[in-house]
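One structure is given below, represented as structure tokens, and several questions about it will come after.
We just call them A, B, C, D and E in the order they show up, numbering each chain from 1.
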């Protein structure tokens, strides 16, 4: 065999394979389908496709604004309440009766698994609200029968009745006036389901499908979903509003924030949720990407499981709070992209208390308090760290690691615990934790949306009260605040509530963080919704 | 006089099952009878596959014969009685390459033999090994040598040393010269003859080289397909072969030799 | 007649010496073994060499770039990580854990494997064949799967991942040993040993083990490179060493979050693993060539 | 003109550290129709000579010769292709270990058929030629004495006995109708009856076909039974060369004598169990060759002069390389004249 | 031959039996509730627990349980994942082909790159080209696969932007699942941008395949080079040369076949390595294969999934390995001993 000939063959083979790779690499130009679609990289799998069942914003993102509509909507710019499926509404003078005039000609999704025979009407509103409100409703127990948002707000005990006046008019009567009621109906969780679909499924004997194969009136139809991989939507061509959104929408579920940004850079994602704080500079510096930012209505905190000894002892909780240097956490975890939290509400809220005192950092006192409480040296506790990124805590794992060194200084050993997001929340609700790093993003601008779901007794079973803390004095304050319309008066109640939280320390507020989203410059119209929930109906590809 | 080695009616059956569908192949060696006196040499010869090697292994106890007995100085050599047997009857093999462990020094090979079969202490063992090495024409320094440092002839000398270090009564040698070059072979033959003369050992030795067989043996036994077809004193067998196979064997060897003499 | 002694003094190196002579003829092998020795030194001396405690977090110096970059600091040669820990110290400790535990587990796997393999090689029949079947099944299960199962039973941790890799490495040693012992048992010198009255144990220690030693060394280098890659892969997947144990694979995976802003955090541990495995492979290759050449020359 | 003429062939081989002259000025000729025996013990370089002739010396070894010719053509100066063609048609080789010289994964018949040169076949369609091939192959098998060819032609090399494999090798060698057959120790480790068969086959071929044979062996019995002339090698040096008859009757070199005396069968008057003649010491290894006459340290007659390489002296067709030959070569010469 | 076949079938059955027993006993060895480990269902109430225990025969003896387990395995009723409550058979039937596809391509690449390179290196050994091949092989063999994948991502995805870094195909292409092999599915699918989808899938395949294939290629190069060097030094090659055959004839008629024969069983040995590497690479490239699936299962402590996943993968590997070994023995006339090659 002639060695030269052989070498020539090898050379040409290598060249050929390289050119093949290059050819494939260069064929990156957008094709029809990719042109007509948008891929959004979300941070986790939704628990279901019904936000009524779950307060997680992952669930809300995947369903609220895509598949469903609400009676009312927030204006994303100023937080004002605007018409949604209800074209207009009327509040009685005593603030106990609300009448909604419904929009006509709103069509439900026509999908392979359900073909609607009628348009949206009052029956659907009654069905949707009664599902979580009325225990005897055929769908109440379906998918677990837990409606955390409504339970935590105690809305069950607020609403007296929901009645259909006629096909396009619904009346809701309350037991007591509620200044945040309309806002609650505009949140991500108050979605309108299809009553007809519900009845059909009941007849088929598979009612749980209502939350798995959803039907709504929203701008996007559900196509398919694979856990931890993707959710696929298609435009609802008969949407009642004129939308310019893309024909196809895909949620590419990518739990790792660094991977999401990488996909944004390679163009596999058009927009990503929660870019890691570390990568913000990089996104800002790139010409082809845009970083959307906005001060968030949120709070990240460290909650103790007060139902578990020794964390039922306020002294212990206070000691642990004193052992942590919050300022350095802010630097290391949020990289300065957050403000120090002293109470539950951020400065953007009117209920903010600027003169609130700080717990501070004092390991010596902390140890002293622990000794007083009879906590031995080398006491071991666990800190649960969220597996997902949230605006209020972009890296709980890192925060937990930092905290473990601080706690080691006062003789407390820390085990860091984490599960996948769904399991994590499930176990939290079951109260298996000692303490947890988590937080809360507001669903509406009302301070009640912080104070009530996070710490009231009613919020314990619904699972939003991560501290499992129940204080009647606090509950009474929150109740009273809601009965008053005037914000200046309400503020006083909330400030008193702050004092109780400071005294009892059921949780340690850490930060109010900025909210970020990163998008490819080809994408236009994507905005950050301060009340959570991403929407694509106004998004276009240039 | 009690013969040093007496074999009576020895039968060994070798079984091979090549496949579960095929019947068991049987190869029967024996029955074999012979008597060997001190200082005598018995040569066993025959074609490949005539059972010579199996017989040698049965004699030294590497395989257990189904029938018959082996008497060493009139006492029955039991399979279980390894100690005496090891002492009295020793084996030398054809390929020095396989009979010496390449990873171990000569000293430790011989040392192990002594350790297992004698009560000597470390120092005594070393002395004994050095004596034996000198006796087989090697140097004391070879104690520290590995196999690959020795030539073929030297390797065969080590094998011989291993066999005779326990002062045995009988040495069984399976083709000890086949792998050696002619000049080295002569050296080894001389060495064995010297040792036999000096120590009066009996030799059982297996070879296909009839020239050497005739030269060094007192008795010859010719085997074919496991059976002894002819036995007797060397002289009588070589001068007047009875059996067809023997005749062929001897002819094929001496026809070559005859051609040699034709050259003169 | 006087004998001439005009030829050179005979020089025969011992087997180990011979391998070394063959081995050092390759420059690559020598460089590889120098690097390997360096890693050994690091594994032993890490606490003395490391300027900082690898787990001390300093929130004032987060994500400091390495010293050779413009804004790096000489006090942290390799910079700091997202929690402000000194990367140089972490790398040293990481090498110590990754390399040290790999050596340790290879030793254990080799011991168990050789013991089992010898047992299977010396014994014939049902005992040996049951062992073989068991090992075949074990060998077919991918290493990572064994590790996952062990982690599922015992929980994550360096020790548990080590057990898993030990379990995965054993079959190779068993097979090698078994084949070798089988071959060796057919050799004439084993027959002679047996005739000398040597028992199985004795034959193993004084005849088989010396000749198997070289094979074991070569097999161990192979196993070592596999062990390092596996242990770091498990660390990378968060199934192996957990904080505060510093392991290269685990630190690599922790650094992925800051891969863009601090690429050196991903590059350094990966490069250390690569260099470790490369040096072991070069040394292994050199040893194998030396063994082969020794047989030829 | 001799068929094969080798004069002062020197091969230096790489031992890892230095180059060693494994062959030191070796000379050898093979005439047409002659059986030339090449005798030597292990390490004498017999196989190296064979490899030098067939051209299988690794590139980095140094090979020099005054003459290395085949029918007058210089083999060393030839291109690989020319040399290959000579090997294909005119010279054939049989190696010592027949089983390993056959491809273990091909049947014997296919290997035999493969070695039939295309030129021997009539032009025709491939099936026609295949049939022809089979005929030639079967004929050859009969010729080399494989009687039940049906039984072994579809076998693989490891399934048959060594002597049958060697017969196959010879058949393959004969297929191209060569003029010289180089038999490199073809009977090694064969028992005497099978050895005889092979030897008889070879001398038969020599007689019937006038096939020249270079028979390489250390088996003196085999050599003396069939060879016409022989060349004795010791450690890469030609020791003595001449007619077998002459060498037997009156060896001039101490080594030749020692070699001949080592076979007890040759000595009729030797009493049983008496000492055989043997040279002291061992064959030196390649790395530790003595200088000068390489037999020096073992030679009973060695003197100071032996540190110089002895000249090759030629008396009639009997050449030897020794400073102190055992007999006066003149005697031999005279005897011849008588 | 029949004898051989029987022996291998026997071997396979025994090995699989051992694997089944292991997977059965894992349900008891894993932490947590045995009932959940077996069924994947977390009982919500005591009554449900009792009912489920009756269904899964947990109240009966261990042999009955095993028998029931075996029946379920064979009938395809493999239980449900405890984290997603989806049937394991369904999940595996989607995830497994993805891995097989990846591994097949990686293996093909290794064969078509590794074996020729090894051959060339072996034939012209100690030449510069061979030196390059050996260096390449040693260096690639030393890459930790996860680091390699990250390097690939950094270069080809982030720096150059040529190739995508996750998944099998852009999610916007809605490829209906039929065979599970993406390229095949695309070719059969009735979608508008078929060609683009195909190219896109191909681009998604390149990096994961390359990451897995590199190590295997290195191993193949080494095996082949060694094998050809050993084989070309054997007596029969020299004998053939002395018969005056051309180098080409010798190489293709004798050398090639004989040096390939020992490579086949070695190839079988690589399947387990391929799977291990595929598992790591799948997690990095978010490839929806069985490896990724099992690793996610361990993160979520989804014990039923781990158990069945382990059984499926190992039974597959065992079957493949033993089959290859059988074939290699059946076609190699000179190999008469049963042994496994070493890495």
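Heads up, the rule we're going with is that contacts are C-beta pairs under 8 Å (C-beta built on N, C-alpha and C of every residue); 3 or more make two chains touch, one makes a residue touch a chain.
If you're wondering where the values come from, they're calculated on a predicted model, not measured in any experiment.
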{"item": "Most remote chain, CA-based centroid, reference being subunit C", "value": "D"}
{"item": "Interface with the most contact pairs, given as the two chains involved", "value": "C-E"}
{"item": "Inter-centroid spacing, subunit D versus subunit C (mean Cα positions, whole Å)", "value": "51"}
{"item": "Mean-CA-position distance for subunit C and subunit A (Å)", "value": "48"}
{"item": "Whole-Å gap between the CA centroids of subunit B and subunit D", "value": "32"}
{"item": "Centroid spacing, where centroids are CA-atom means, of subunit B and subunit E in whole angstrom", "value": "55"}
{"item": "Per-residue overlap in subunit A, given as positions that touch at least 2 other chains", "value": "262"}
{"item": "Residues of subunit C touching at least two other chains", "value": "256, 259"}
{"item": "Numbers and ranges of subunit B residues touching at least 2 other chains", "value": "none"}
{"item": "Touch list for subunit E against partner subunit C, complex", "value": "11, 14-16, 18-19, 22, 26, 29-31, 138-139, 141-147, 150-151, 154, 272-273, 275-276, 279-280, 283, 291, 294-295, 298-299, 301, 303, 306, 309-310, 313-314, 317-318, 321, 339-340, 342-343"}
{"item": "Residue numbers on subunit B that touch subunit C, as the complex places them", "value": "57, 60-62, 82-83, 86, 90-91, 93, 95, 98-104, 108-109, 112-113, 116-117, 145-146, 148-149, 162"}
{"item": "Touching residues (chain side subunit A, partner subunit E) in the complex", "value": "1, 3, 6-7, 10, 21-22, 24-28, 31-34, 37, 39, 223-224, 226-230, 232, 248, 250, 252, 254, 259, 262-263, 265-268, 419-420, 422-423"}
{"item": "Subunit B to subunit D touching residues, read off their complex", "value": "41, 47-48, 151-154, 178, 181-187, 189-190, 193, 208, 210-212, 214-216, 234, 248-249, 252-257, 259-260, 263-264"}
{"item": "Subunit B-facing residues of subunit C, complex", "value": "12, 14-15, 187-189, 191-198, 202, 206-207, 210-211, 213"}
